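Here's the structure, in structure tokens; my notes come after.
To keep things simple, chains are lettered A, B, C, D, E and F as they appear, and every chain counts its residues starting from 1.
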Amino acid sequence: MADISQLALNNLLAPMTLFFALGFAAGLARSDLTIPEQIGKALSLYLMLAIGFKGGASMGAGGETAVLVGSLVAGLILSAAIPVIGFFLLRRTSRLDGMTAAAVAAHYGSVSVVTFVTAVGFLDIVGIAYQQFMVAVVAVMETPAIVVGLALAHRFADSAPRDSGARTANLGRGHLLREIFLNGSVVVLVGAFVIGWITGKPGLARIEPFIGAPFAGVLCLFLLDMGLIASRQFAATRGQLTLPVIGFALYMPLIGAALGLAAALVVGLDLGSATMLAVLAASASYIAVPAAMRIALPRANAAVYLTLSLAITFPFNILVGIPLYFAAAQALGFP
Amino acid sequence: MADISQLALNNLLAPMTLFFALGFAAGLARSDLTIPEQIGKALSLYLMLAIGFKGGASMGAGGETAVLVGSLVAGLILSAAIPVIGFFLLRRTSRLDGMTAAAVAAHYGSVSVVTFVTAVGFLDIVGIAYQQFMVAVVAVMETPAIVVGLALAHRFADSAPRDSGARTANLGRGHLLREIFLNGSVVVLVGAFVIGWITGKPGLARIEPFIGAPFAGVLCLFLLDMGLIASRQFAATRGQLTLPVIGFALYMPLIGAALGLAAALVVGLDLGSATMLAVLAASASYIAVPAAMRIALPRANAAVYLTLSLAITFPFNILVGIPLYFAAAQALGFP
Amino acid sequence: MADISQLALNNLLAPMTLFFALGFAAGLARSDLTIPEQIGKALSLYLMLAIGFKGGASMGAGGETAVLVGSLVAGLILSAAIPVIGFFLLRRTSRLDGMTAAAVAAHYGSVSVVTFVTAVGFLDIVGIAYQQFMVAVVAVMETPAIVVGLALAHRFADSAPRDSGARTANLGRGHLLREIFLNGSVVVLVGAFVIGWITGKPGLARIEPFIGAPFAGVLCLFLLDMGLIASRQFAATRGQLTLPVIGFALYMPLIGAALGLAAALVVGLDLGSATMLAVLAASASYIAVPAAMRIALPRANAAVYLTLSLAITFPFNILVGIPLYFAAAQALGFP
Amino acid sequence: MKRNGANGVMHTKKKIEVIIEQPASHLVTELLDRHGATGYTVLSAATGRGSSGWWERSPVTVARQQVVIIAVIAPERAPAIIDDLGTLLQDFHGVVFVSEVEVIRSERF
Amino acid sequence: MKRNGANGVMHTKKKIEVIIEQPASHLVTELLDRHGATGYTVLSAATGRGSSGWWERSPVTVARQQVVIIAVIAPERAPAIIDDLGTLLQDFHGVVFVSEVEVIRSERF
Amino acid sequence: MKRNGANGVMHTKKKIEVIIEQPASHLVTELLDRHGATGYTVLSAATGRGSSGWWERSPVTVARQQVVIIAVIAPERAPAIIDDLGTLLQDFHGVVFVSEVEVIRSERF
């Protein structure tokens, strides 16, 4: 069992973490380095396709159904509960308006697939396996948080939505539902999972040279991009955020991770999978949820929720969180 | 010899087909999933470069010249003959105007390189080889259909082209010729073929890790994109097409495939190559020909020819056509 | 020791050179082939990341510090001296205005990373190693030339800069400095070098399937793109350039290469590294320097410097220069 | 059919330009459809700044992305469209501006 | 040289905007060249709708892709250009609209 | 709050469009910031031609790339902005043109 400072060092000196740091530093230094936008989108699609397919293809033929179902249920509950906790913490500790607080809370209930993928890379480095069905848990955790976030906004928002808002919301509802349930990341992740599951090992063998071997390298390039994006988002809104709000983006992942580990204990997960559940609970969405919030809660401040999830929590999880949650899971004696 | 339902199942359960189906379903469900446009273009360039190079590098040092020449001639004749058949069928069975009917017909004489590439994937799965010079046949079949389509339009179009049209056509002629003979897909396919042929096995060895091993995976990603594109094209024009026109997009590939197999018998092709010739004859262009038609026959209805070739015939060939033509070739006893 | 015509042939028949030629020919023939712009940017980033990382990971643990330092100093001096030579040659032989002459000269002192990468490919084919720290020399040579070019412009420009210019330059200075010292290519190259150096062989092993094996193939695709870009740049400005100016783009690389080889003798480099230093000195920038010149010397004629560096010198180096400089290094008896 | 341009037979229409965040762009195009606009064209912007701060294209989310929607319409349709756009822009980030343009082929608008 | 903007010395020109399908865009730019336009700028649209239906950017074909071509020209060149554009647009999908703009540096148009 | 569009309560503003080479685009946006413009939107062009010749998007360099910067501003700010843009365009490639537009919500400009 490696000790925590060793883990932290291992993580900080892994190529993927260093590329993230390079991107972050280049962004802060205002280098003109940019990964073209469509390339960034493609890298992220690739990672989801690869993770999904490998997950599906490696699913055990049956067996641990209880743990699988337990994990899915745990994911659902975490995704729904975390926004409630987050919302009241934000309202207690900060002056964010109700709309924005609800929107931020929804982001933290949902998940960041890239954080998940980076954790896959980390577990790979430390040589610990995890249950492939965790990919399905990712998908399950994406949406409940959005629904809960909207409910919080409607219940506790300071101002009644104006009629224009109502009309708009009405117009956009179909769109919103698709945004929530059929957003591209989830479709690729779940779709590739199902295809991997159908085609199994022979299918995996055919496309392994594309989705397997280059995976770690692609992740490095993508994290370089994420570093750039995160630091630019940070620079663009620096000074707009109060300390209590910034603090939230640092302690909320810890709360999420703790809840995730607790749920993992209840469900009976192994060390790798428990780490993954903690990572999911600790991570905050910055792909699907922001777009949904622009439609559903247009008056919530996008600069706030994007900066918190993308520019603070994401780097925190990549650099510090993942090895920390793993160390905690080790300390808790997960098998 | 595998029986046809087995072949159909093999094809339907191959990762590439499933990814196409995933894209098609996501598009119909109006998911916001999109493969960035430039990525789609790059994937398609990659596939053509890879197919071309591998074809060239694997060309036998001589030998079967008669079969090679015969195949090229067969390709030329098919490409020129199919539009004539298609045009008169459309005029008999539908109310499409002459311009549009001619434009549609030109698409079916020409070829879809992606369908060809998918058939390469299919033959790979069933373990049947084909003659590498079929890549040259692809190139040869691209353009005669366009010339014949234009001739049909000028001979049989309902209305005389207005002088504006004439002036325009005049202005655009140089452009059109380049569009036809130097369109990007053909240049990459043929260029890579020639380079592969010049550099041979040693050249192939150098770039194999790029064009070889990842090929099947890249094809999956590209077919996911094609599924999205096809279903969106379908949704955008749903209801504008009459049943006879939709029917054309389903039976015309069968006619083309039958002609292709007949030509393959005459030329004396093997099982794999005969399947390829049938696939080429059955497929319809949606890259080069639409762009050329916009310049040459601007009054033809682009929504019609794009929907037929891209949203109906292409999926039909991917899901049903390829294994069907292969089964037919087996039944006809190709060696 | 291979003779020069053999080397030239080897180079001309390598896949990467042939793909460059294919692109160049397609561009001249005005084919509509294009590699999507963002793909081109991504390919170039990939090549720099790969070269940088491999260089860093393979750096010897110590030892040859004198040669390393000597090479860096040589790079600095070459980058600063070549613009001076170039500027006075241009002023003597052509009628280019002072601003434009200074801008052109700056391009030739700086370097083309793609030419460097292609030379890596060439050395790989002929089986000659080079010192990995040459990657650091690339980074060092990027900027002195810009500073010298600006000094030349301010000292010898025909017209005093107008006050508007002064105001502008003032406004843009911070931006310019970042453009010069933090331009994206250098950041990726140097950043990946440092990361490679930190993570060493284990890091390389993790991402080798991404940056190693596919490298040669990616280079081919990128050179196809470069061929298209170079010939289109050439076509767009054909006729605007006088013979003395065109001549400069052909003999200046030879002067640069000669100086590079001389410096390599002084420093005591091996055959591969000497070739690399010659290639760097012979190459002209067309990424970072043009963008910097647009800000710093906006009245210099961009069509001139882009055409010279991108459309004449770059193809010259790819097709003729690299094997020539290598042959010269062989003839000079580098170990 | 008579050439008009040169003969001065041009028709005055309204050009409506809406800059709006991409997640809400379909609300604008649906609004244009409902009001009988005969066409529109959407451009995707690269970067910008407004009361809600600075943004640039992002590979991770379209949440801040702005698009420019151009619609040339018959003048009589303009007031109702502008009215509804004003309502929409109470919720969403963006601006709308209107100008006069001359077109040939009046019947197409 | 005297600054003009602030002093009101601005010059009225015509701004021509052509939205046309990409395969025909070179016909428009060649037309502008022939008529002595001093410059133009082409933007590539993301999506749109018109009498020929809805379209969006496609990785497989530019057949439906629309571009926006902007040219600011001296007013005296406008009628002939518009006339020829009208002819062109009888065949190709697109629209053209014209408005007045003020410029500094009149001699550049 | 009263709906205006339909009621004719629209406000006249100036729309400034600057087409300029990308390396200098930040000079324009900084200029707009300094002059108190409340917002701007930048579009990236695909290709174009001007006195400095023809260009198209390039994967290797942004040196020739042109962008279109649109800013709708209060009319009283226009002269000073145009004046400074004129100075800038003495050095850099590009053009600037100004027109009138009507907006709702006057206070936002």
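Basically, a residue touches a chain if its C-beta (ideal position, glycine included) is under 8 Å from a C-beta of that chain, and two chains touch if they have at least 3 such contacts.
This structure is a prediction, so every number in the text was calculated from the model and none was measured.
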| item | value |
| --- | --- |
| Other chains in touch with both chain D and chain F | E |
| Partition of the remaining chains by touching, absent chain D | one piece |
| Label of the chain whose CA centroid is most distant from the centroid of chain F | B |
| Rotation in the CA alignment of chain D with chain E, degrees, nearest 5 | 120 |
| Copies chain C and chain B - interface residue numbers shared by over half, same or different | different |
| Centroid-based (C-alpha) most distant chain relative to chain D | C |
| Centre-to-centre distance between chain F and chain A (centres being mean Cα positions), rounded to whole Å | 38 |
| Centre-to-centre distance between chain F and chain B (centres being mean Cα positions), rounded to whole Å | 45 |
| Inter-chain centre distance, chain B versus chain E - centres from mean C-alpha coordinates, in Å | 36 |
| Residues of chain C engaged with two or more neighbouring chains | 35-39, 41, 179, 214, 291 |
| Shared-contact residues (touching 2 or more other chains) in chain E | 43, 87, 99 |
| Each pair of chains that touches, named by its two labels | A-B, A-C, A-D, B-C, B-E, C-F, D-E, D-F, E-F |
| Residue ranges of chain C touching chain A (in the complex, touch as defined) | 36-39, 41-42, 45-46, 49, 53, 178-179, 182-184, 187-188, 191-192, 195, 198-199, 203, 206-211, 214, 291 |
| Touching residues (chain side chain E, partner chain D) in the complex | 17, 19, 43, 45-51, 66, 68, 79-87, 89, 95-99 |
| Residues of chain B touching chain E in the complex | 35, 37-41, 43-44, 162, 164-165, 167-168, 171-172, 175, 179, 225-226, 229, 232, 236-237, 240, 286-287, 290-291, 293-295, 298-299, 301-303, 306, 310 |
| Contact set on chain C toward chain B in their complex | 13-15, 18-19, 22, 26, 29-39, 125, 213-218, 220-221, 224 |
| Chain F - residues contacting chain D, complex | 3-6, 8, 10, 13, 15, 29, 33, 38-44, 67, 70, 72, 99-105, 108 |
